[in-house]
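Note that chain A is present in both complexes that follow, paired respectively with chain B and with chain C.
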Partner chain A sequence: MDYFFVILIEILYSIASLVLIGAGLAIIFGMMKVINLAHGEFMMLGGYVTITSVNYGINIFLSILIIAPATVGLIGLVVERLVIRNLYSRLVDTMLATWGLSLFFIGVVTMIFGNTTTGISTPIPGFSIGTYQVGGYNIFIIMISAFLLISAYFILKKTRAGLIARGSMQSAEIASALGYSPDRVYMMTFFCGSALTGLAGAVLAPLVGLVPSSGGAYIAKAFITVIAGGPSLVVGLVSSASLFGIVNQLFTFLYSPVVGEVALLVAAVILLRLLPRGITGSFFKDRL
Partner chain B sequence: MAGSFSRDVIATIGLTVVVIWILPYVISTFTITVLIVYGLLGLSLGLVWGYGGILCFGQAVFFGIGAYTYAISAINIGESTLPMLLSIIVPSLFAALLGAMMFYGRLTDVYLGVITLVVTLIFYRFINSTAGPHYKIGNAQLGGFNGIPGFQTLNIPGQPSSYIWGDGYFYFCAVVLAIVYLGVSILLRSDFGRIIVGIRENETRMSLLGYDVRARKTILFAIGGGIAGLSGALFANWGEIVTPSVFSLGQSAEIILWCIVGGLGTRFGPILGAAGLSYLKFLLGQQSFVDNTLITGLILVFFVLFLPKGIVPTIVNVWDLKFGRLLSDRFQKPRRNRKLRLNG
Partner chain C sequence: MSLNRRVFLTQSTAVAAAAVLPNISVASDTIKLGSILDTSGIFDAYGKPMDLAMRLAVGEINSSGGLLGKEIEIVAYDTQSDMALYSQYGQQLTRQDKVDVVHGGILSASREAIRQTMRKSNTLYFYNVLYEGGVCDRNIFINGVTPAQQVEALVPYALEKSGPKVYILAADYNYGQITTLWIKKFVQENGGETIAADFFPLDVSDFGSTIAKIQAAAPDLVIAPLVGGAHLSFFRQWAASGMKDKIPLASTTVGVGNEHKVLTPEEGNGIMVAYNYSQELDTPANNEFKRKWEDAYGDSRLIHEIAVSHYQGIHTWAEAVRRANSFERDEVIAVLETGLSINGPAGKVTVDPKTHHAILDVHIMEIENQGMTVIETLPQRQPIDTQEVCDLEANPNDNTQYVIDF
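Moving on to the complex of A and B:
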């Protein structure tokens, strides 16, 4: 029974981290049809911002929940104004330009922090279920992603800003005819997406040793989760994260973490072959 | 595809001779060899992406499979002729399988990108985790992160002890690149090549005209995979070791960068981009003031924003504006049209 709970928490944690990793990308891709290949580096930047501010003596939760998202959001804003704005509706070109940006950020961080592993310890102690030890921080991550999903759903569904965002997502022309500048909507969307990405990187930072190139570990997973999720933002993200999280953890328990990782990737290839429009392209249509 | 084929042959031979004679005075042959190998790799994606319109984020997979196939079979066979052939055949078969899976599933741009990226990652993870002694194929240990060292390098066919190395190997690579380049030229001139370019321009129209788009894309993908595999084998011979880094995302990114910078839709552009950028990287690697990756990233962003066509097409354009009209007035009328097709 205890073992069952441990597995359950592990699976939930795996899903939650996929949701976190994918959320920023999902917003940017879902709203703007821009694939941000610098996504992993935005996460990496979030992590570095957290570690730096913790080292300067700022409270860790303050750094994770406020400083990192704000900083990365601002970086995202600059990137949007300088580069991405010029490339809207050129999907492949944005992918390539953001790939270039990702390399640029890796270079910058390497020059500032050096090519060494940095890290901080997790701020929440673990606890035990029966004879098993469970990381308390994992629970924190599960709660954060649940909170993110619910608030994203409510903001998009219930608020005026969410309405405008959804409107421009459906038809940018009509939204602009009604007086909402798509340029500003896109700018805000990119800011929010980047801030979320920074948050994700910050939240995951205490769990991993950060190196300048650690963004590469996230980008593929984020990419897969979002694309396999399909057109619906929240439902797509949850469904694909659940599917991949379960596959990953099952194979990790049965064999090894490497097999779990490979199983996730293989599952993604098979899924995309069977449902090329993503999960929500075929099921749960027209949900948010 | 401006000009006649014979002019192409003469230009290729001329350029090869220049490279073989003059470049060694400027750069060491050891360095040029790897530039040529990368040029071949760039050409493989230049063919698949620039002419077929298939943006493959995982061209490094075929490069890596080629390198590993060569290393493993060279250890088991102890002679290099058959491994060289295998390192073309195996990646090309794998590319055919992967391509068939994707193209018959009618996957396009983003999804294609994701799948090729994921396949790269699978290989990278898998090969990295094969450190244990039970991961072996025949006599060859896969070696995980450390890779496979100490395999039989290139030798004169049938004589395993007379190695081709140093300057000889440099000549060999240059000639291989020239031959493949001519092969690609012939391919693009054939009906198949024209149909492929047609598919790039408008896939629906080509399939409505009755061409089997899926089969042709698969074949093109397999050819690209074979060329990439060959360059992988040449790379393995050059470095005398293969490591999992041949499968890395960075490697894939670089190949795409070469094509963008050199120019898509040209044969020479990706080769020039590959050789030029790799040499730049080599030079930058000798200083520690600015990080290498940073420069690479800036170059990529700069080219996408300001020179999205790449160097070679831009030069051809400028040349056309300045001299093209003059020449075509003097010699032959239809020349300009053909030039336009090259740039398109």
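Moving on to the complex of A and C:
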């Protein structure tokens, strides 16, 4: 029974980390159709910002929840103004540009921090379920993801800003005709996407040994989750993250982490063969 | 500056000529030591201290009058953690620079990329890194510890401190696989039982489910030959889940690249390891070595296991040259094969004539406050794994890397 709870927590944790990894990309790629190949590097930057500020003696939760998203958001803003802005609706060009950006970020971080592994320890102690020990930080990640999803849903669905953002993504001309500047809406949306990505990197940083090239480990999972999710932003993210999280963890528990990863990828291939437009292209249509 | 083709050609010819000329003019009164290491890129945490150690050793030899009256000239190439560059620079060292000896290579892949080039050109080659064992080639000398040397020391100590049931977590490539076989063998010989062995590709960084599986299996001891930055997450997550004080942990890799200085004391303390070197080794030779390093570079915290191996490798070669009174490859090898010993920072290092590997001291240690405290020293351990398959005395033309069969 205890073991069952441990597995349940691990599955929830796996879903939560997929949601975190995918959230920023869901906005930048899902909403804005910008293929951001530097997504992993935005996460890596979030991690480095966190580690640096913790090393300067700043409270770790402040670093993770405020400083890292704000910093990476601002970096995203600069990137949007200088690069992405000129490349909207030019899919291949944005791929090339953001790939270059990812190399640039890896280079800069290597120059500043060196090509060695850095890290901080998790701020929350473990606790026990029966005879098992579970990382308390995993619960923190699950809570953050749940909070993120709920607030994203409410902001997009219930606030005027969310409405304007969705409207501009759907039809920039009409939004513009109604008096909203699509340029500024895109800018703010890209800022939000980058900040979320920075947050994801920051939240995951205490669990891993971070190197400048760490971003590469996230990018494939992020794209798979977002693409398999389909057109609906929140529902798509939740449904694909849940599916892949469950598949991944079940196979990991039954066999090994390698089989778990393979199962995740196989599930993605089968899913996209059966539902080429993603889960929400066929189910939960027209949800957010 | 405008750069047309004519200007470019003139300038680049001048640069090339300037680069070549000094070599020609000084070639007669120096001897060339070729160095080939990753001093940039993802393996630079290993390569940079090795490069510093090499320069320290050569500096010492030169300031005490050089070798046989000649000064050592370093010809160093940075392979940038790119295996393709090893073949290229390996060719360059042997054909163009015509060096007298090559020290270098870090990963096993890099060693195998240049080993044949060295052999064909009769260039004496030293590979000074901890590795999976089994290389049998009369042209190469290897003085890093092999899995059996480590595991033979580590397993009995760890079993005695914890209990008989062992869970192994290993990196999924030849080093991890071979080391796991040795761990299983020594666990069995010491009356223990391996209840499971899990292998992880080098980019796995999420160990949550593994930690739960370990708890379900309830071993007395976890042995973790995990490699690289992503795998370091295991030690973090293990401590974060509160398991560290419940099941003891041993490793054959944590600390080789100073990983224990990245982990916090709460995460690292108590991990059992076995190596040839520790910065905390309190011997006159090591204190002297650390003092020299600090005089030259300031910070002795950079020193690690393979930097010291590299340093010892260069001194082993230098000693052999002195005794042979020659730089000729065959004469130097003949002296090395007499079972030559030197005393390095990590103790006595002896060449094993049969395998060209090293007989050296292995220290059982525990990580304590980002240092490695020596618990027990096992003097002069034989490279028993490679000895099982390799005998260069009987078979001097052997040229294989054996995978040891169990």
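Methods note: the second predicted complex is superposed on the first by the 288 of 288 C-alpha atoms of A that agree within 3 Å, B and C clash if a C-alpha of one lies under 4 Å from a C-alpha of the other, contacts with A are read in each partner's own complex, and residues count from 1 in each chain.
By definition in this document, a residue touches a chain if its C-beta (ideal position, glycine included) is under 8 Å from a C-beta of that chain, and two chains touch if they have at least 3 such contacts.
In this text, all values refer to a predicted model and were calculated from it rather than measured experimentally.
> By the touch definition at the top of the document, which applies to A:Gln133: first (chain B), second (chain C), both, or neither?
second
> Mind working out whether A:Asn36 is in touch with chain B, chain C, both or neither, as first, second, both or neither?
Neither: A:Asn36 stays clear of chain B and chain C.
> Which partner does A:Tyr13 reach: the first (chain B), the second (chain C), both, or neither?
Second partner only, chain C.
> Under the stated touch criterion, which partner chain does A:Ser168 make contact with: chain B (first), chain C (second), both, or neither?
neither
> Tell me which of chain B and chain C touches more residues of chain A.
C
> Quick one: is A:Thr122 in contact with chain B, with chain C, with both, or with neither? Answer first, second, both or neither.
second
> Applying the document's definition of touch, where does A:Thr50 land relative to chain B and chain C: first, second, both, or neither?
So A:Thr50 meets neither chain B nor chain C here.
> After superposition on the shared chain, which partner residues are touched by A:Val258: those of chain B (first), chain C (second), both, or neither?
Both chain B and chain C are touched by A:Val258.
> So in the superposed three-chain picture, is A:Ser63 touching just chain B, just chain C, both, or none of them (first/second/both/neither)?
Touch partners of A:Ser63: none, neither chain B nor chain C.
> On chain A, what residues does chain B touch that chain C touches as well?
In chain A, positions 216, 258, 261 sit in both the chain B and chain C interfaces.
> Name, in rising order, each residue of chain B that touches chain A in their complex.
Chain B reaches chain A through residues 55, 101-102, 105-107, 109-111, 113-115, 117-119, 121-122, 125-126, 129, 249-250, 253, 256-257, 260, 290-302, 304-305, 308.
> Under the stated contact criterion, what part of chain A meets chain C in this complex?
Against chain C, chain A makes touches at 3, 6-7, 10, 13-14, 17, 114-122, 124-128, 131-138, 206-211, 213-214, 216-217, 249, 252-253, 256-258, 260-261.
> For the complex, give me every residue of chain A touching chain B.
35, 83, 86-87, 91-93, 95-97, 99-108, 110-111, 216, 220, 223-224, 227, 258, 261-262, 265-266, 268-269, 272-273, 276
> For the complex, give me every residue of chain C touching chain A.
40-42, 44-45, 172, 198-201, 203-213, 215-216, 228-233, 236-237, 239-243, 246, 259, 262-264, 266-267
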